[in-house]
Amino acid sequence: MIEQPTRERETQEILQEAKRALEEEGKLLAKVYNEPGIFEFEAKKIFAKTWIFLAHETEIPWPGDYVLRRIIDDSFIVSRDEDGQIHVLFNMCRHRGMQLCRSDAGNSSHFRCPYHGYTYTNTGKLNGVPFQKEAYGPDGLDKDEWAMTPAPRMEIYEGMIFASLNPEVPPLEEYIGDMGWYLDFYLKKSPAGLEVVGAPQRWVMPADWKLAAENFIGDGYHTQSTHMSTIKAGIMRVKNPAYLKDGVQITAGMHGCLFMGFKPGSYFNYPQSIVDSMLENLEPEQVKLLKESSILPLNATVFPNLSFLHSAMAIEAEGPLATSVPYLTLRIWQPMGPGKIEVWSWCLVEKDAPEEFKKNSNRALLTTFGASGTLEQDDAENWSGVTRVAAGEMSGQHYLNYAAGLAHVEPIPDSEWPGPGTAYPKNYVDFAQRRFWESYFDHMLK
Amino acid sequence: MIETSVETYWEVYSFLMHEAELLDEHHEREWLELFTDDAEYLMPVRVNRERVDGDGFSEEAFYFEETRGSLELRVRRLETEYAWAEDPPSRTRHFVTNIRVAEGGEENEVAVRSNLLLYRSRGSVPHYDVLSAERKDVLRKEEGQWKLKKRVILLDHSVLTTHNLSVFL
Amino acid sequence: MIETSVETYWEVYSFLMHEAELLDEHHEREWLELFTDDAEYLMPVRVNRERVDGDGFSEEAFYFEETRGSLELRVRRLETEYAWAEDPPSRTRHFVTNIRVAEGGEENEVAVRSNLLLYRSRGSVPHYDVLSAERKDVLRKEEGQWKLKKRVILLDHSVLTTHNLSVFL
Amino acid sequence: MIETSVETYWEVYSFLMHEAELLDEHHEREWLELFTDDAEYLMPVRVNRERVDGDGFSEEAFYFEETRGSLELRVRRLETEYAWAEDPPSRTRHFVTNIRVAEGGEENEVAVRSNLLLYRSRGSVPHYDVLSAERKDVLRKEEGQWKLKKRVILLDHSVLTTHNLSVFL
Amino acid sequence: MIEQPTRERETQEILQEAKRALEEEGKLLAKVYNEPGIFEFEAKKIFAKTWIFLAHETEIPWPGDYVLRRIIDDSFIVSRDEDGQIHVLFNMCRHRGMQLCRSDAGNSSHFRCPYHGYTYTNTGKLNGVPFQKEAYGPDGLDKDEWAMTPAPRMEIYEGMIFASLNPEVPPLEEYIGDMGWYLDFYLKKSPAGLEVVGAPQRWVMPADWKLAAENFIGDGYHTQSTHMSTIKAGIMRVKNPAYLKDGVQITAGMHGCLFMGFKPGSYFNYPQSIVDSMLENLEPEQVKLLKESSILPLNATVFPNLSFLHSAMAIEAEGPLATSVPYLTLRIWQPMGPGKIEVWSWCLVEKDAPEEFKKNSNRALLTTFGASGTLEQDDAENWSGVTRVAAGEMSGQHYLNYAAGLAHVEPIPDSEWPGPGTAYPKNYVDFAQRRFWESYFDHMLK
Amino acid sequence: MIEQPTRERETQEILQEAKRALEEEGKLLAKVYNEPGIFEFEAKKIFAKTWIFLAHETEIPWPGDYVLRRIIDDSFIVSRDEDGQIHVLFNMCRHRGMQLCRSDAGNSSHFRCPYHGYTYTNTGKLNGVPFQKEAYGPDGLDKDEWAMTPAPRMEIYEGMIFASLNPEVPPLEEYIGDMGWYLDFYLKKSPAGLEVVGAPQRWVMPADWKLAAENFIGDGYHTQSTHMSTIKAGIMRVKNPAYLKDGVQITAGMHGCLFMGFKPGSYFNYPQSIVDSMLENLEPEQVKLLKESSILPLNATVFPNLSFLHSAMAIEAEGPLATSVPYLTLRIWQPMGPGKIEVWSWCLVEKDAPEEFKKNSNRALLTTFGASGTLEQDDAENWSGVTRVAAGEMSGQHYLNYAAGLAHVEPIPDSEWPGPGTAYPKNYVDFAQRRFWESYFDHMLK
């Protein structure tokens, strides 16, 4: 009898060949975008091993506040205790495994399990067991042994709460590493810090999470085609569809981003107060880029599935809001199974920004990104399209082009670039995308 | 319920039927003209909360937070030849039921509630999306014509079960 | 069909719209008050049978076989803070269509038939349940108010496609 | 919209409600009698096309291209005891909404548009099919009775999401 | 290349570890509640090996009556022939495999296949083959060889029709073994025996079947929390939410049950005629428990997925039905795939009970159990909640507590307990639940 | 630890046993109709290895015309270029894998990818890359290397466009081989050739593709039972339900068909012009069968999933159309996953047939076949029924009867049969069906 290879082995072989082609030829095997076995590997080798963004501190500002978040199928309560400490607790009762908390947000000092009534504090302490002596004898239960299970690791970076299922994951600071210098542009424009505007948008998309992550890490090239309609309609306020071609693409550790230029002195049209504070609050080296090069990071991805977007778009057809209004969104591409994601999109704005600006900034975001965003609508069309046609046999021999920049673009000499990592003096290049895939294969083939 | 005259009910009914028809036939421009100049078009984000915490609709976060001016931008985009998300167009069907008409706050206005089941399919895969919502509208009569002054779309979803909102509800 | 006056139709229509609204807004107590004291509320089990054997509705087995008194118990339970199945509450939408009103057996009564599509989702998973049924109601006018004297919910399911019936149809 | 008298609307409404009831109760023979002798019953194939190419309905290919005479054959078949596809019968529910009535081309005729959501389940598996469509009907009054002279069923599907069309829309 | 373990091996390892933890530590690995590979094992190693309940004799009282039933995906016709004999026939035509019978209940002496017209009697005999000589030659077909396939095993226990896909399964009597003594309380309260009230309720639930089976085998503990709403609402007519804490938990072979106390002499409020017949019809030893200990089995599970519930609840808020009305339900937890079940719930009542009581008993059942039951609604919430949160990676290291009673509860000495198996003098204990899991692992790791 | 067999091995074993039983006993193991592992094998070993029908030339008559077609999950653009040449191009952009063409039919000289704007001609040539030098350097991209990927093989047989994912597949002519002689009756009745009537019907069915393919290859036997309703209703204009029993069943290579008799001289009621042209256009040997034996091929299957049907049925209850009107349909059974197909059904008619006949022929088809066809409705009921009951454990020991004809039917001596392949003088036999399964196992066990 001819022994058939197991699916696990076939998946492994696909990954090996994909890695080889990327390294040796700057090509990606399309099959990696849609192969059921691959998703199972990703759950174990990436999402159970890296740092995953869960929530922003300002979603739970008060003691007792909590939100429910997930890492793929694992549910976590992200709570703030009475002392203001934040906890990330696996949302499963220790007794018989009931989902302890079933509402996505609220305020409570305790979580009571509906099944048998075990009660835990919002720090995870087991604090009540009904008829305990009756059930467990005179000594009752060992409360410490039966406390809720915290996420194996939890750390906070500039107000962003991350967790990891991997006890051995390096410290978050180190994991983000050089990328931190670039995230400052998103996160440190004001000493007051950022706050979320309401709750995140959530919607499902029949697309592979990697398409979104790699698009956000550096795909400046697609704007002139994918988003042409918003240029024509006057949402994206630019004349030249290729306005993004000049800029700087960054690779920093497993992560990367893209710098976009702005009219000198315009600073994305941020209100003067924010402009002042960003020039004051950022490092001199960073300010230099703003002032002299007039560039700011547009989009970024922190491996594996956290992305940032900083942009400025028109909200209305005429009048005061027919001009670019800046905004910042942070989003995760949450896998829901092979070829399916749940997108979570938050709007973030400086705490000390004018109230009216906050409202407009959020409107500018939803005009362009999020489920109803006029730009993201078309991104969704692309990402689901790729996923769909990658499902068959042909994608197993179909190699995609990741060679942009390889032939003619050299990194900017460190002497000429103030930031860490590697900077490339163009945007229509694939350096950051390739870096995403290198990080991907490093994990998948371990 | 009908808390207005039957005549008014019929006018409102006709308005909603006409509106649904325009959307399902992709006449977005004509649809836009049904709105007053000061129109609001809102779809708040809904969070799954405990009963005591209410229905979970956010006051800050929206899927749509539109004025006539911002809807104009969305329609213009659809009118370009580059709106990939809607070309080929989605096949939509707006099932409008449970229409209830009441007096509005102002005169010449009525408050209208309706249930909306939106069927949507695209391309040629045997898959379809369903969106369920209640809509709370305010219609105002201008020069003998009813216009949509305000629409609030109250979703029955805490996670949107469609890949984007390139269609209107 | 309308085999009664248009006025009666409107009253019945308004009654059903109001009722659906109460359910979708989880005002179970007010909903209960729409019933007469001698009300019956029935949902028979349906068995998949051959055409010659009829529509398969059981005369003995039910999903609901309620009186006002037993509905009272169900509502009381929902009013406690321990009705886990509905806290967080289901997001429901009662799409009521094909309303047909005919003379009832007794005077002051009308026989009403309607189609019901019930959309239901819970929690924050992108999954929803759909229940389809015809409802045969008897409404009786008591002190100028229509009340629900009898409802028979005729399911289009031989296996219920929802995890429980903690909601009303 | 109602571009005819309210009376006419009610007659049409009643007609469509009655028709749906006959289908959901499997009275195909009575349903057939609602058609005029020269009736047409059409359901064109729909192809997923670019916006510029229109709505994609074929002028040559159909799922139904029926006359009263061919519908008669279909009904006769269902009346035999060998129509396995409908025995046990499908459980269907015709949700008819968005009814719009306008003057017809000829006198004694009205043009009626409606949205149809067809729920269908069979056997005892917890699976159901949904078909969504707009129907464009022409009704003609013959001897005081409205009859269906023409129906065009415009599907919202480029691939039919049901295993066969042994039911009518 | 690093060889990846196959899913079959991973599943095996999860089961091994879960068994070890249960035996050595009284803990259960939560992953067993939701792992796709496990379901495939269960289909082959449990549902294809044990006795599965299909129907009650009184569902097909007359010659020619039949009902369709399933063992997971296998469809069976349960028919009563002209001589009153009951047959369980695999519902697939021997010719080309068409589903022979497509209605769930009816009366017919024959089953005619729609595809090519083979006709079988309701005993499974092949009895008509259209144009037989034309197709199969002058000698035609060997009718015996091409008869319908009966279920490998079929036996009836007190009116309950079981089948097994396993020809080697021990006799049903032996399989039920000691549990029979306890089932008597459900099944033998009247010499007339039981009858079903109409057709079973059927509904689907996104829950693992084991959660329901283990809950019904002995979880007296959850009532005070899960079902609190029905106590508050006056459906469950008790003052003390912990009323169930005192009782007796039983393990008998692979099975188990729970005894609940009742007000001496009240006998669950059964009509006097039933009380008389139960005291007369049951064994003296059993009657002793009723009369002297005033206890009756509440819930029980016969491995793997058949459960019983005997209870008494109020039907209305005021008036004569505002008092406890007793009822008996029998149900199966039919797996539909990983984390999904179809529940079948029957109401059973003594054939010779007063007609009005039969109706009320059924109403008391559906007020509390079944799809619309005010108690079972919340059970469904729990079982689907556990299943959902067990889906991820965390449940692979999450151990659940099955230690209730281990520290302080000793079995009742056989001398003091009339029944077989092992009896524990309390209800807030996990002995029966652990027995369920022992039976489970015995099968799964064979 | 007992090592569990992998699913791949279990699938292999099922196939081995099924092959053995068929060869040695003329029986088929029912499990092959519904086993998830089998579908994965079929995708790789059959649908990726054989010739698959995609479209008919007349669906894209003009330069620039195109239609989208699939082989399971692989999407192909079937286009006609400016020179009238036909191309079958994998519908995935070479850059980042976007689905290039998203409408199912149209006319265009180019395909522009929405994602980044690569543009290809309808011959597959890469013809535009936005800002090429910017992205790929002064030499730009190698246009030839980055052209669209054509289907590994494409050939046209009598207007029928086939593709194969297998570069080593034998030439189409050879693949069809002896079957060609029989296809002539469908395809060559007029020198003008055939044309499609509009677009194909498409609908999904919860059935295994093999059930439809084997039914169409030769199941004359089912008509007297499955389609009885249409005989009773006067749609199928025959008195004797067994009218099909006399005829000729053919096996030709991997393929087969069934001949049906017609009233001498009636020629299926084709219009005189078509009758004349068929008698003129077909080979003398073929005409002899028409004239002397008065038989015509009814149904046929070309392995694996292309079927033909030639029939004649009434359209209306009274009047001129209450008589048999002939038609020809060509259909594919497109797998959509285990136990699920998408049926594509085309109506074909002679180009030079009278216009009114074309319309009537199409009506006769949809009265009887296609989603609403009064015959195919019941075929769908059968095929989905078999699939459903084959899902469980029992079908793993359930053997189906494929012995019709084995006992008493001998092939017609070549001397007495003009055509190639093997001819059997009866229709209620399983020779062609067995041939289908032999072809199936040959591929699956390679």
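In this document, chain identifiers A, B, C, D, E and F correspond to the written order of the chains, with residue numbering beginning at 1 in each.
Here is the rule we go by: a contact is a pair of C-beta atoms (placed from the backbone, for glycine too) under 8 Å apart; a residue touches a chain by one contact, two chains touch by 3 or more.
The structure displayed is predicted, hence computed values, not measured ones.
Chains that touch both subunit C and subunit E: A, D. Any chain touching subunit B that also touches subunit E appears here: A, C, D, F. Subunit D and subunit F have Cα centroids lying 31 Å from one another. We define each chain's centre as the mean of its Cα atoms; on that basis subunit A and subunit F are separated by 47 Å.
Centroids built from CA atoms put subunit D at 27 Å from subunit B. Contacts with at least two other chains are made by residues 6-7, 102-104, 114, 202, 204, 226, 342, 378, 381-382, 388 of subunit F. Counting partners per residue, subunit D has 6, 48-50, 82, 84, 86, 88, 95, 97, 117, 123-126, 158-161 as the residues that reach two or more other chains. Contact between chains, using the touch rule, shows up for A-B, A-C, A-E, A-F, B-C, B-D, B-F, C-D, C-E, D-E, D-F, E-F. Per the touch definition, subunit A reaches subunit E in the complex via residues 6-9, 11-13, 16, 41, 43-44, 47-48, 71-75, 90-92, 94-99, 102, 113-117, 130-131, 134-139, 141, 146, 149, 165, 445-446. Subunit B contributes residues 6, 10, 13-14, 17-18, 20-21, 24, 26, 81, 86-89, 91-97, 117, 119, 121-126, 128 to its touches with subunit D in the complex. Across the interface of their complex, subunit F is touched by residues 82, 84, 88, 123-124, 126 of subunit B. Chain contact summary for the complex, subunit B toward subunit A: residues 43, 45, 47-50, 53, 58-65, 67, 69-70, 72-74, 76-80, 82-86, 125, 127, 158-166. By the touch criterion stated above, subunit A contacts subunit C in their complex at residues 68, 102-104, 114, 202, 204, 336, 342.
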